[in-house]
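When the chains are written out, they are named A, B and C in that same order, and each has its own residue count from 1.
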Amino acid sequence: MRVLEQMREHNPLVHCMTNSVVTNFTANGLLAIGASPVMAYAQEEVADLAAVAGALLLNIGTLSAEQIESMIKAGKAANQAGVPVILDPVGAGATTFRTEMSLKILAEVKVDVLRGNGGEIASLIGVEGAVKGVDGSVSGDAGDVSRRAAKQFDCVAVVTGEVDVITDGTRMAKVANGHPWLTKVVGTGCLLGAVIGAFSALDRERILELTTEAVACYGVAAELAYRETAEKGIGSFQMAFLDQLSRLDDEKVSELRRVEHGRNEGTGHE
Amino acid sequence: MRVLEQMREHNPLVHCMTNSVVTNFTANGLLAIGASPVMAYAQEEVADLAAVAGALLLNIGTLSAEQIESMIKAGKAANQAGVPVILDPVGAGATTFRTEMSLKILAEVKVDVLRGNGGEIASLIGVEGAVKGVDGSVSGDAGDVSRRAAKQFDCVAVVTGEVDVITDGTRMAKVANGHPWLTKVVGTGCLLGAVIGAFSALDRERILELTTEAVACYGVAAELAYRETAEKGIGSFQMAFLDQLSRLDDEKVSELRRVEHGRNEGTGHE
Amino acid sequence: MRVLEQMREHNPLVHCMTNSVVTNFTANGLLAIGASPVMAYAQEEVADLAAVAGALLLNIGTLSAEQIESMIKAGKAANQAGVPVILDPVGAGATTFRTEMSLKILAEVKVDVLRGNGGEIASLIGVEGAVKGVDGSVSGDAGDVSRRAAKQFDCVAVVTGEVDVITDGTRMAKVANGHPWLTKVVGTGCLLGAVIGAFSALDRERILELTTEAVACYGVAAELAYRETAEKGIGSFQMAFLDQLSRLDDEKVSELRRVEHGRNEGTGHE
């Protein structure tokens, strides 16, 4: 699968409804990887855009009740048009409002990919997690949490962490690429959600595989960026990461990816 | 015209009502070129700020109905105070809402400079264009589209593309500076609108000339930035572009500018 | 006081309610220094987050009446929980709306640290100042203005400028670190407010000392960043500044800080 080549050829349009902190970084990251971003939030137009986009990203990082309404409107239009929907429930578990609004979206919109850290995803399936602010770490086993989320919401679940887990509830991939400095740049998780959208847009029938590919490419870019900037610091790393996304090709990814495929077996206690 | 020298001497204040994706890049770009940015959106204060600014930028990239009301309020205050108004109708043509809101602004506010890509400007004068997301390319001839827009809205029209066209409907300048990587960094079109505002603020009687100068300076900075970062990627290019804007001087621009002046002749079929 | 070491150990959570221009830079700056940012604005959740944060930042840079209500709600929750509140009255004096909204916050919330440039702080204590846009310079003596603000609002007042003045109305510190290029990057003043929040979170009983320390560290990072990028420009400076914040340690600060402690004596004319 020469997926990056396809990306640069098709430039899928990703409609991002994301938080105000990361909107610029998200747009630049999508451009770097070869996709086309469009940010739009108004009730009057979100359905129009979502329906013609290659993918729709819903990220609740700086949510308001009004924005959630817009997101649901966009999500329903995407569902109707067969456009993949990615949900990033930023900070779910950190406040009741975030947990409730995430669940509201999941109840009203068919989400294709749910991406979060362990604490966020755990809170959506009712597992208690210690989430500190918006960068909560996983409580419990990522494989277990992701499988249960995938089954409960009938979606691909992505739990990011030191090793990223991607599952549809049955099949599972683990991606060991990436670098801790990603946690030192705001919006790297959020941009990953958008990049998963761009990959999903390439083939709506192969979302699990393409999501795994997106996560691997992302991690490889981070590793290459770190090599360039280890002596400098996280400002330089941020820009080098965008540089690497823009220069990444299928050969480089193929050489450096560390992906393990398997089954996501339940414990039988669910 | 030692226009960059003037800019650094006068530091014109540019009141930007722009989209949430590019607001930081816009402010830093204005600071780099030597202007002073102020971003303000609240109905309670926009008229006060617009009236004392050197220029007002209206950019509808992440519009809401409420923001459009604020923009019109600011625009009217600018008109009354003789402050140049720049309109960037981001995504006009991509959704009906954007086209309608752009036309509403143009109906209620005297716009001095209208800046967009070919698809956006074409959609405002009722020419069908294939606009993909917010980065539509020109349909039809840029000279034709820009002339008709300039006449219809009684303004200077700037249609950006591989060659940028600036016209008041009669006189025309074509600027061949710039670099394709500008399309790989989000907000470069939006920042250009703000920079045109900063240049316009220097002399309200010479907006066509100063807009042309703004476009040429911008393109030269992009070329110089590309020379530095061709091997690196678009993250580095973005920062190098800000670097170049901050170091640009009239000599460098004079040496590198590729500007052609002419008449913008109609076909007689209008 | 090995304050940076403490920061990296405790990663205090700073709840930022800040303006849309600087939100990304603020989050990355906090991450760089070793703190954890969370941005949240919705009335439904701000009290929950403010109460568990290490500090709360209120920055009115792109205010709306509705956001001010949210800020007051968050501020009251912070007060009740003993969480330090930092107020940055961006553009106070530039419009009546900003002055009034700043005073409204100060009337309803106990602010622990008030940070602004001379013009902003002067306008809040009713001293006429010539404020141009949002980057007004001090009118009158910074020591005098800061002392009067500290006494009137019962807080630590920080007036930034060529030399930064920090006072509780009696004790005073002057910090001579920093670099003029800080004024060429948008949001450096706003980020300083957030960084003061992160430092304050380390020990709520020593806010004056920790605020002084924050200002000194910040200035040292700027000086080091300038050394690296003087030949390049302000795009590179911005990233090098984040780099330096992420690499800064107590030894480097101790070597380069230029802090003078004294009394803030009134003129007897107040």
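In this section, a contact is a pair of C-beta atoms (placed from the backbone, for glycine too) under 8 Å apart; a residue touches a chain by one contact, two chains touch by 3 or more.
Since we're looking at a predicted model, the values are computed, not measured.
Rotation angle, subunit A onto subunit B, C-alpha superposition: 120 degrees, expressed as a multiple of 5. In the contact between subunit A and subunit C, the residue numbers used by both copies make up under half of all numbers at that interface.
If you average the CA atoms of subunit A and of subunit C, the two centres end up 33 Å from each other. For subunit C, residues that reach two or more other chains under the stated contact definition are 20, 24, 238-239.
Subunit B contributes residues 19-22, 24-25, 61-65, 91, 94-98, 132-135, 184-187, 232-236, 238-239 to its touches with subunit A in the complex. Across the interface of their complex, subunit C is touched by residues 13, 20, 23-24, 27-28, 31-32, 36-42, 44-45, 48-49, 238-247 of subunit B.
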